[in-house]
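Before anything else, here is the set of structures, which you'll find just below.
Each of the two complexes below includes chain A, the first together with chain B, the second together with chain C.
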Partner chain A sequence: MLQYAVKRTLWMVPTFFLISLVVFALINLAPGNPGQAGGLENVGSGAAVQSKSVIIFKRQFNLDKPVLVNTRFAMTRGDVRGLVATANALGSTPTPAQRIAAKNDLEDGGQYLVRHLVALLDDADPAMAQLAAQYLTSAASLALVSETAGDPDAARLENRRREAFNQSFTGWACPGELAATPCLTDARRHWQGWWTEHHAAYEYTPAESAWVFLTDTRFAKYWYNLVHLDFGISAIDREPVLAKVLRKLKYSISLSLTAILLAYLVAVPVGVYSAVKSGSRSDTVLTVVLFLLYSLPTFFTGTVLLRLFSQGTPFAWFPVGRFETLPQDPTTLGWLVDVAWHLVLPVCTSASVALAALSRYARTGVIDVIRADYIRTARAKGLEEPVVILKHAVRNGMIPILTLLGGILPVLVSGSVVIEVVFTIPGMGSFLVESITSRDYNSVMAVLLASAVLTLVGILISDLSYALVDPRINLD
Partner chain B sequence: MKRLLQSGFGVALLALLVVVGLINTAQLHNLESHVAALEAGGLRVAGTPAAPPAAATGSVGEKAGEICTLSAADEEALNDPANLLVPFRYPENWPASIARGGTLKRQIASEPPGLNLIASNNSADISELYKYITSRIGYQDPTNPDAISPDLALKVTKSEDGLTYDVWLRKGVVWQTPAVDLNDPRHAWLQAPHPLVASDFAFALELIQNPQVVGRAASLRTYFEAWKPIEVVDDHHFRIRVAEDLYTNLPQVFDLEPMPRWLYRFDEDGHPFDDATWGDKQNTHWYNQKGIGLGAYRFVEWQEGVRLTFERNPTYHATKCMPANFDRVEINVMKDQQAWLRNLKTHQLDYTQIMPQQFNAEIRGKLPYLGEEGLKLAIHDEASYYYIGWNATRPLFADKRVRKALTLAFDRAGLVESVFAGLGEVTSGPFDQRNPCYDASIAPLPYDLEAAKALLLEAGWKDTDGDGVLDQVINGKRTPFEFTLVIYGGSTEYETLARVYREALLEIGVKMTAQPLEWAAQLKKTAERDFDAYTGAWVPGWEIDLHQLWHSSQADKPESSNYVSFRSPEGDRIAEALRREFDPEKRTALCHAFHKLIADEQPYTFFYQRKRPMLYWDHMNDPVFAKLNPHRDARLLSFATRPE
Partner chain C sequence: MTDAVADDPTWGQIIWGQFRRRKLAYASMWGVFGLFLIAVYSPIFISNKPFVWNAGEGIESPWLMTLFNRSTYENAIDIFFNSLLFPGTALVLPAAWLWRASAVLPGRSRVARRRRIAGAVVGIWLACLLGILAFPVQTSPVNHPRVEDRLTAAGTPPLAIYPPIPYSYADTDVKLSSQGPSLGHWLGTDAAGSDVFARMVFGTRVSLTVGLFAVAIYITIGTLVGAVAGYFGGRTDAVLMRIVEVVICIPSLFLILSVAAFITERSIFHIMFIIAAVAWTGPARLVRAEFMRMRDLDFVSAAKASGFSRTSIIFEEILPNALGPVLVSATFGVASAILVESTMSFLGLGDITVPSWGQILAAGRNDNSWVLILAPGLAIFLTVSLLNLLGEGLRDALDPKLRG
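On to the complex of A and B.
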């Protein structure tokens, strides 16, 4: 048993890795990127300044890196020349999609472009040489490091150094109309001097290439941070994602936990009752009602409950939404009562669906057991019917629905989008949806990975609990 | 072992399904958010938000149309004929009596990412919130956007050559107190009051031009890119130099909003940021989740996911003419449209906007709504227009007769009436219909399938193979008239629209397939010009500049806004002339000429200009609406009687 548990737990690591890979690739490959939400994309004519901002933004979120593997060290001068030509429609008429792709590649290429751009300064085409000088200033520039993690003073010094480095060549860009020859000659001289000094940093040995291939990617950087328990910051408001998630968790957990509890509390007696009265009219009525509940979508149930019980048609017993009213001086008890009052309707809505399914499981479980030999034996030895049912049948009949609990775990985190929206509760569900719409990768990853972990743990718990409560199952 | 692998795979599959499912749910975001995104990322709402009025208790004899002057210094400055500012006037439909005080309870559909005016990601919703707490150089009359009166500045002048603008600031204007505990020793450095000085404007420009700052700065940067640093003459006088004398310069001068250098250049303990990284620090500034400004209201509190609270600003400078109408404003975060109505009905809100589908289903012709006496309805115009854009680089749409035929086959009046709840006006050109630029004499094309057929025949489209779809030989290849229309994903209105349009097109032998796309995917397609046709919307500014959307230089630039690749030498000429024309009448003539050109060329099938309904309780005065976005400018709202 213990061996099995350990084995399963160890297996969770590669499974989790696989899940994170699939989810990460999916999110990153969907059209759009966090920059759009940041107002950085599609602003139209803001050429140079805009692009500078975009590069800084992308580097901060590692969006300049390829998603899974990095082959940029293998780019040739011809490749880079092609990119510059395409992005600026030099000597060819690329489609807009090709131009945008080339522009992105040039923005993202960074250090890998430097040696080719330096070589392109001597290109026979002066327009190409001048563009190379312009791209060099951004490609060679270093991204600032985060000052919030690690040693802030060291980071601050490092940033001063990097900024000084970046400033040292901003004047060599040779902007403006193409082919201003004296400016270009200057740029060549400056950059060649610079190159003699710095070239070592931009040339890759095979070993370095292999390292870059796997590690200089978005996924590798994400995992590096993850291992350090750093979930990153939100691209929308730059707040650490973990802090945000923890704040939202309060709402989702109280809502889901109460709902699950309520569902079980009602489902078990209802299930047992219909099992015992199986086939009777009351069982049929219950079955119909439960199936009705099961098929009603939550947004409908929620809206109907709100209409009936909070809008004064006919009752106005409960608030029309929110998690709490936040009174002026909340005592713990007062606050609890307040929250409970607000949660009545959302919890009922949430529980209504789970209730139907759970009570069906309970009913089947008990019916299976009731037909077993030992129940007949129990009756035969003259035990009273309630004792037979409650002590012998129910305890065994509940095994399947207890193990279902494990599968419910992830709901605690992922929350319910619909219920949160209908009842204006700022929980995880609506947070996840908003993060997806705005392509806030770090937030999406954090929520989905948290549910993935809970799903894995849930499956483990339900497997183990089977073995624990049912001696017929042997895991070893 | 095998079972374990299976369960691992199962879980991965499950995660995948969850993601796919969630992406689908995310698409449920309706048209509203697309428009918000449009307003945020697409066209700048040029010159839209003006400064706020308001604050104080004493009732002044304010009357519709009457002039109000803040001080003797204002009068003196306004007497200077060089001053570009005009006296402040109460809007024409200003309510006769206002019960000042109390708490206004309103809703907002999405929560702002932050309240830093420049470094937070802005969207349309948030520009509305900023209006409470900020003031600008001049106050733009919301009902007459051409009139800009003194606010932070007493006087604005323009040099003879048009390259220099001088701004003289009002004295004694003080920044709002930051919403922190000033008794906390950590915040002691914030205790002293900070007067508004000219360098706060210079700082704002530095913020916008610093590439490290993202958020709203990124979109502002496009417009302020060419400005030289602001020259601070003294604390109350600064000078702006521009490279070229363009009509759009002045609106931009008025768009520049001051930023408190004394706050944003420092960390929470009052230590200044490094010069190397101060720009980046703005994106994560400790005060970004709070707001500060010089407006009628002061930021008090933000309960995440619940509400933002503002209160009357005790140090507001324009109290005399436009006092704050409320003591407090509560902005409740409510994502669900149904929740707006529920909360309105249970008096959790004083007013709310309503979505068209809700309006159609629940309110249109059903007042008093839900049997509630005292609930009133107001409908206002929105400064935006909706359209279908035709990709002119596709051979199918290269001929203007074809584009015209496609417009004739689009039953716009019928759709506005039936699908969009009658909330709109069919439109014929690229301007707000209330803008003098819009030539009302150019009527929208009618719905006329016969005329459409005739035009297509004229353009050489015939059904030669008898399959019911028109065809023509293009580049030596027989091409059927088939195209894909990209529509907003998840909008039931647009799905209905596409169905109706497809039926009509089939009748004239054109086969259209609708492709609903989520916002980001649509942006990608339009930027890459990878579409036949798409549905879109623009919020044109009040001061018209045609360059961004219609100039042929923008057609060649990927990611610029001339998605349809409109190219016209005549159009370019008008666009360039308009940038340099200052005479209102000549400008109108140019605009009208452009309107005529566009109506003839039909690069877009212009659809409609939207109207928006708003429900409010009768303890509020009938709302005065702003002509520009944000239309439900809360400083124009007031109580007739104070609610308990």
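On to the complex of A and C.
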């Protein structure tokens, strides 16, 4: 048993890796990817140079890297020359979309472009050489590292070093419209001197290429940070995402757990009752009612309940939305009452979904057991009917419904999106919708991964509890 | 072929007989069919184009002329249902007559004849649909009600016969915004001044299309994956099931919402594909289990011994026997796809250009209007209940233990 539990837990690691890969790929490769997130929406076709803040934003969130594999080290001088020509409409007439794409590629290429750009300084076309000098300034500059994670002092020191490095070649670019020959000669001299000193860092051996191919990508960077429990920062308020998600999780879990508890408390007696009265009119009515309940969309139930009982048409019994009122009452009991008061409607809505399925399982569970031989034996030896049902039948009939517990938690967490939005509870679900609409992509990833972990744990719990409760199952 | 064999009930006939006994499910089937008819024939009752129109330049029928006009019906969904309305209806009637006429034929040739009739109907209709889609009509839209008002004011009222509800779901009129139910607008108007009843009825088209197409896509993917995994087993099975496991672990609604949100200008077709991309694991596991159970049975061994190819063993021998549970899960799947789509549009992450029930409900929530909450809520509830009852009935009919 223990061996099985450990094995299953260890299996969760590769599964989690694959989950993160799938989620990451889906979100990053969807048309209109997060590269257009946050401050990047106003990239107009007319803008000759993107604002510096956009570039910093992209680098900060690793959006300048390719998604899954990096092949930029394999670019040739011809490729880079083509990009520069397209981005600046030199000798050809590209469409605006092509120009923007080329411009983005040049910006994102960073260090991989340096050696080709240095070579392009000697290009026969002076305009090309001048543009190469301009692109070199941004391509050679180093991105700053995050100062919020890890050792902040070391990070600050490293950033100072990088800033000094970046400063060293400002002013070498040859700005302006027309190629001024003396300026270009200066730029050439500066950069070639710089190149003899630094070239080793920008040339790739096959081993380095292979390393870069897999590691200098958005996914690799993301996973590297993930292993260090760094989910990145929110694009909205620059707050670490993990702390935010954990705070939100508190609301969602308490909502879901209460809902599950309520659903079980109602579903088990209802299921047992209909199983015992199986085939009677009350059983049929209960089955149909629960079945219809199952077909009610939660956003409808929630909206109707909210309007009926808290918005004053006709009743104003419960507070409108939110998890708690401002903590006017500091005592624990008062706070609990306050929270309970807020949770009545959302919990009822949430429980109504699980109720139908649970009571159905309870009913079939008990019906299966009631026909078993040992129940007939219990009756035959003269036990009272309630004892037979409650002590013998229900106990065994509840095995399947107990093991559902693990599977229900993630379903409710997922379903909480709607309930939290309708009742304006600041939990994971409404946080997901918020992050989605503001394209805060680190937060979306964190919510998805957190809920995937919940699901994994839920499945593990339900498998283990099944083995624990049912001695017929042998795992080893 | 002797008559005795021809008259033996087939598997389909047994299931159908079982299904018809379940009154609630049988009624639900007709209910779903009714919804489908509403979806197809809605332009006959609701359209802002007059059937007949004469403003002094001869009699014309704007209603018929704009049936496939992409500036009147912007959505491909509408074009699809309109094609069922016009060539569709015209094809079904003679086909039904031929179908009945073929009843006198003996067993096998009757089946062959009927198969040919069905093939011809679907073929001609598909050809028409492709033609319509390939050559979109796009003329500048004439606002007939407004032109009529102008002409009436000028003292020359045109001859115009409108459908009973002369509005389009896309009509907006700021002067009429957020009105309660009245004789002209049965369910009132929303904040943009659109007729809610028109939006509700055309919403049927959206819900049914999303449900049916999403399910068709994912059933196909899932069945293929499940068949391959179950038939071959071993390493193929291990790899495919690992993928399935990964997809199952991501809460589906979260994933659907996140992917949908990152698509700029998402259309209703994106939504179908996203739902399908998440939901295919269900049928995959189902079909895999059926294949594992059946691949060692005698009829498969017999087929192998007779030298059938692998493809024909998988698709012609085993798959037809595994389709029962798939059909049941597809029926429940349509219901849940409709729920997912309406949830998405309720949260504002659906296709904003189509009149979806979830979107109307969200508008009702913002406007605090009972009509706008209850009408779409009950419509979703009704549709989902009918489909669930139908699925339930099918499941019972397919269960040999319940056969009485």
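Definition applied: the second predicted complex is superposed on the first by the 449 of 476 C-alpha atoms of A that agree within 3 Å, B and C clash if a C-alpha of one lies under 4 Å from a C-alpha of the other, contacts with A are read in each partner's own complex, and residues count from 1 in each chain.
Just so it is clear, contacts are C-beta pairs under 8 Å (C-beta built on N, C-alpha and C of every residue); 3 or more make two chains touch, one makes a residue touch a chain.
Fair warning: this is a prediction, and the values are worked out from it, not measured in the lab.
Chemist: Thinking of the overlay built on chain A, is A:F300 touched by chain B (first), by chain C (second), by both, or by neither?
Modeler: second
Chemist: Have a look at where A:I236 lands relative to chain B and chain C in the superposition and call it first, second, both or neither.
Modeler: First partner only, chain B.
Chemist: May I ask you to decide whether A:I56 touches chain B, chain C, both, or neither, giving the answer as first, second, both or neither?
Modeler: A:I56 sits against chain B, while chain C stays out of touch.
Chemist: Is A:T424 in contact with chain B, with chain C, with both, or with neither (first, second, both, neither)?
Modeler: Once the two structures are laid over each other on A, A:T424 reaches chain B alone.
Chemist: Can A:Y374 be said to touch chain B (first), chain C (second), both, or neither?
Modeler: neither
Chemist: What is the contact status of A:Y224 with respect to chain B (first) and chain C (second): first, second, both, or neither?
Modeler: In the superposition, A:Y224 contacts neither chain B nor chain C.
Chemist: Does chain B (first) or chain C (second) touch A:F165, or do both, or does neither?
Modeler: Once the two structures are laid over each other on A, A:F165 reaches no partner at all.
Chemist: Per the contact definition in the header, classify A:G321: touching chain B only (first), chain C only (second), both, or neither.
Modeler: So A:G321 only meets chain B here.
Chemist: Which one hits more chain A residues, chain B or chain C?
Modeler: The partner that reaches more residues of chain A in the superposed model: B.
Chemist: For A:F291, using the defined touch cut-off, is the partner it touches chain B, chain C, both, or neither? Pick first, second, both or neither.
Modeler: second
Chemist: Can you pull the chain A residues that chain B and chain C both touch?
Modeler: Touching chain B and chain C on chain A: residues 15, 18-19, 22-23, 26-27, 30-33, 36, 303, 311, 414, 417, 421-422, 432-433, 436-437, 439, 448, 451-452, 455-456, 459.
Chemist: Show which residues of chain A lie in contact with chain B when the two form their complex.
Modeler: It is residues 8, 11, 14-15, 18-19, 22-23, 26-27, 30-33, 36-46, 49-50, 52-53, 56-57, 60, 89, 95-97, 99-100, 103, 144, 147-148, 156, 159-160, 162-164, 233, 236-238, 247-248, 251, 303, 306, 310-313, 316, 320-323, 326, 414, 417, 421-426, 430, 432-434, 436-437, 439, 448, 451-452, 455-456, 459 of chain A that touch chain B.
Chemist: What does chain B use to touch chain A in their complex?
Modeler: 4, 7-8, 11-12, 14-16, 18-20, 22-23, 25-26, 29, 33, 40-42, 110, 113-114, 120-122, 209, 211-219, 221-222, 225, 274-277, 280, 283-284, 288-289, 303-306, 332-336, 338-339, 342-343, 345-346, 348, 370, 518-521, 523-524, 527-530, 548, 554, 556-561
Chemist: In their complex, what parts of chain A are in touch with chain C?
Modeler: Interface residues on chain A, with respect to chain C: 15, 18-19, 22-23, 26-27, 30-34, 36, 291-292, 294-300, 303-304, 307, 311, 410-411, 413-415, 417-418, 421-422, 432-433, 436-437, 439, 441, 444, 447-448, 451-452, 454-456, 459.
Chemist: Show me the residue ranges of chain C that touch chain A in the complex, using the header's touch definition.
Modeler: Residue positions touching the partner: 242-243, 245-255, 257-259, 261-265, 335, 339, 342-343, 346-349, 358, 361, 364-365, 368, 370, 373-374, 376-377, 380-381, 384-385, 388-389, 392.
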